[in-house]
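Pasting the structures in now, so scroll down.
In the two complexes that follow, chain A is the common piece, with chain B as its partner first and chain C second.
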Partner chain A sequence: MSTAPQVRSLNCTNCGAPLTIRAGGHTLTVVCERCLTLLDARDPALSVLQTFQARQRVQPLIPLGRRGELRGSTWEAIGFQVREIVVESVAYNWSEYLLYNPFKGFRYLTEYDGHWNFVATLRALPEETTARGRQAVRYLGQTYACFQSASARTIFVLGEFPWQFRVGEAVYVSDYIAPPRAVSAERTQNEVAWSLGEYLPGGEVWKAFKLPGACPPARGIYSNQPSPDGPNARSVWTVCLALVGLLAAMMFLFSVGARQEEVFQSSYTFSTAMKGETSFVTPVFELKGRPSNVEVKVDTDLENDWAYLSFTLINEQSGEGFDFGREIGYYHGVDTDGSWSEGGRDDRVLVPSVPPGRYYLRVEPDMNDEDGKAHSVRYQVKVRRDVPYNPFFWIAGLLLLVPPIFVSLRAAGFEKARWQESSFVSDSKSDREDE
Partner chain B sequence: MSHPFYLAYGVLLLGLVGVAEYRGLSLNSVNQVNNVPRTVRDNPGAYRSHYAFLPRYIGGK
Partner chain C sequence: MSQPVANCPNCGAAVRFRFSSAVQSVCEYCRSIVVRRDVNLERVGEVSDLPPDPSPIQITTEGIYRNRPFVVAGRILYEYEQGGWNEWHIVFSDGKSGWLSDAMAEYAVTFGVVPTPEPLPPAEKIHRGRRFRWYGADYQVTLLTPARYRGVEGELPFEYWNKQQVLFADLRTSDARFGTIDYSERPALLFLGESVEFEALRLKNLRRVEGWDA
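Moving on to the complex of A and B:
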């Protein structure tokens, strides 16, 4: 079955130029391309409806009569109009191409600044509602937020149309968006015409209609242009959640699996009154298993004093060691501000990746001996093998959040820029400026 | 598969954390020393820790 429509050839009543009618009996208005006269296609005599003077002739990007394959059907461009809205004394124009398929009917392609929409009229009536305090409509379970409303005038036409109109006629247009779709209402005194548009990349239109050259680049962000990060922002958080879940499971497993084996514990006393060498070594203890961490924990009975403990964890066989030191200080008292305290009586060191073997600690305590008074401390040293250590998990968790946060911020920036173009934002901005 | 790069990045991070945990690594800084004299066992003063010479902070309000 051929999709080619029947073509009727006529002549313009006004200038005699040849006219082509592609949509047969559907066409109510046909425009003479040479003299820009609107003719009544229902009238066998093609009576003149209107002759208009365009400020400038507009060349359609899709030549009338050109066929293209869009959304699985062949469409022929048969009509073209330029419409205009004026916002704060600035005129904005967009183009509309009327597409025809004898079996599917009519569709529209709209173009503004390189942004395209494939539009079909609605058969069901959208339900008016509100979304986030904004006017909205609901259609087939999807909520469309009102983006802009304005009075639109047709300022230029070419080709044929299945309705009668005059250049300069105005309709009140309201656009509701749920990217990549948009529902539009065109209100006149007598009726409201609803349509549903879906955003199309210009390249797709160019490819469909086999247009020469490259499509004009899209400028700015269009009302129902899908955010490049919109779907990503949602799905990247799903992936993030799965990864964080895995990380939490790993953290749990490593915590549960950590041996936390206490391999040494002993208590000591140190005093600055002690004479001779203050350092000492502990008995040998065994660190078993794979290379893993060793926790050395010190608890003291310090009172308004400090102690410094130098440690060396030494492998008895190899002579290899790990040097580390901890200063522990605890001060407290009461002054005009109330009670205060500083520091703590205990501290711990985690020695990383200690190979298995027989080890001992060399401990060298030190305290303040510059004030001539005797200082002493009782302290306990505990050594545990393979204890849970979580900082890597927290760092990895934060690093996992970086890409989703970045994508979400970009998506939010895109939405912000989109809504900057909304007539509602302009209204509130001008209100503020008026104040 | 959605977000293959992010997934790969996440799996790599998890792998690194797993290895770090398994090997018992930590962010703590300790000074690894070789050849501590064997005489330390009998004479602890024969070796001085690097940290023994650090200046002390005397706290308190």
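Moving on to the complex of A and C:
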């Protein structure tokens, strides 16, 4: 049985420093870390391809040669490059680690400001399309919206790569997002290389490669960073709407179950011209069933006037009473803005938890008598036992909607912040220019 | 499975054809390429030393594709500007031949399609982005690779030796189907299949890779 060659130890043609090739047979370009020279790994003489100048040396966060467990497989970091895009004359740099497994091939880890992505080349071909007026791609049933397109240059490189390149070379990169995933296209003259990235918290990279200390914190919001509320919003809405549905069902049952029995009704007239005691008591009526509410409804014929009605609901046996009152006022007219009205002619009082028994009402009407004119009102008093009373349900229902609305607003804020970094949001661009 | 044995016309060593579909084999001793002509073996060439190869696959590797077991019987090695890749000739238990391509540990299983669903465009007319609709799928030419035949090993289902430049057109679909138009012959050959994950093939009897577990 033969052994597949993997590791080769060599010396740099340029400076003589020792070199290791970890993916023998695949590697076409290897970089001397000491003199920053790209060497042709296929050439037995290891000929020099390029010596590049770096503005500054970059230390990879994952040391080359380090192995880590990611997505159920072991990957060895064998190459590292820093790539740069320039947007509105601001340069943005990100790092790419080339990972290798002799059986499973190559993967990538990208890192920008503490945000990581685990990237694999695509086996299927994304279809270009548009979504909400934006360029997009469809890949395996999911739509990815174009986030940014730019020319990306390699500005620093270490380790080894299974392709030939030079530092300074540029490819046209487009990123399409459907958080937590992103599809990227790297376009060159001869090929479009598609890849799929999945957002990875820095802590997972740290754990996978057993890196010392804590991972640098992620700054800002990254293009395909999953919204902390995105998946939540849906489940919070589901739970809350289910509870609202339950409330509605309970409300319905209570309404159907209410007796809504009319126990008393009578009409009266009051006038400020009347002398003496204005209060009176109604005939006795019976309130049946379990303790429940009593509705006292008053209808008047007020015209640009008000009346105050004091009530006491009195239990005939115990003499115990419930006091309540209502001011009813109705005004209307026509002015330069047209016709107007204020208040209303009727009102109602709901007395909660009245035990069953024989009751009567004491009524005391009152009206304005300070202008020296006579005021009068005709009014009807209607008493109903056990009416549907729903404000609790409405309040509970509204309170239930608070968490999902809050989560959705926060998720929307996150998406807004995300897309502000996109090269396709023109208004945010002009905002930034104004600053 | 019959295993006809004949002697190498060059060195006299036994040359075994383990697969009835095999037409060509390589003498393991003198590296002569021998082909079956009626009942005789004919030496048609010699394999030069193959370069060190990082593929974990070797002749006799076994695997499973769509619940059908196969064994690796031979291979063709190609070289192109950005490296090399293997087309492993795989033979299923029913004797049917297929190809397992291994390009930088990206795997695809394909089968020769004869006759082709339509006459294929000649090499000078093929270009990236060209689309074909075959068997309910939209194939798109994603890559043209001018390659060089580098060598063969083991048993192959057709004569394949001493080729020079070969043009390949890779085809992909939105649902991970994969195809190749092989311009080494006229008319061109068509292979269709799909990309597969390493794990899905459940390969056994792989080469050992120092420092790594499969």
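Here, the second predicted complex is superposed on the first by the 370 of 435 C-alpha atoms of A that agree within 3 Å, B and C clash if a C-alpha of one lies under 4 Å from a C-alpha of the other, contacts with A are read in each partner's own complex, and residues count from 1 in each chain.
Here is the rule we go by: a residue touches a chain if its C-beta (ideal position, glycine included) is under 8 Å from a C-beta of that chain, and two chains touch if they have at least 3 such contacts.
Nothing here was measured: the structure is a model prediction, and the numbers come from that model.
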Practice item. Record, for the superposition on chain A, whether partners chain B and chain C clash or fit. Key: fit
Review point. Put simply, what angle do chain B and chain C open at chain A, by C-alpha centres, to the nearest 10°?
Key: 150
Exercise for review: Figure out whether A:138 sits in contact with chain B (first) or chain C (second), or with both, or with neither.
Suggested key: second
Practice item. Would you mind checking which one, chain B or chain C, touches more residues on chain A? Key: B
Exercise for review: State whether A:184 touches chain B only (first), chain C only (second), both chains, or neither.
Suggested key: neither
Exercise for review: For A:327, decide between first (touching chain B), second (touching chain C), both and neither.
Suggested key: first
Review point. Which partner does A:342 contact after superposing on A: first (chain B), second (chain C), both, neither?
Key: first
**Study point:** Smallest separation in angstrom, by C-alpha atoms, between chain B and chain C in the superposition
**Key:** 33
Revision key, fill the gap. Counting only contacts in the complex, chain A reaches chain B at residues 232, 235-236, 239-240, 243, 246-247, 250, 254, 277, 279-281, 290-294, 304, 306, 308, 310-312, 314, 316, 319-325, 327, 329, 331, 333, 335, 340, 342-343, 349-354, 360, 362, 364, 366, 368, 386, 389, 391-393, 396, 399-400, 403-404
Review point. Which positions of chain A touch chain C when the two form their complex?
Key: 1-7, 23-26, 28, 42, 74, 101-106, 121, 123-127, 138-140, 162-164, 190-192
Practice item. Flag every residue of chain C that touches chain A in the complex, lowest number first. Key: 51-56, 58, 81-83, 104-106, 128, 140, 142-144, 172-178, 195, 198-199, 206-214
Point to revise | Interfacial residue positions of chain B with respect to chain A in the complex | key: 2-3, 6-7, 9-11, 13-14, 16-18, 20-38, 40-41, 44-45, 47-52, 54, 56-61
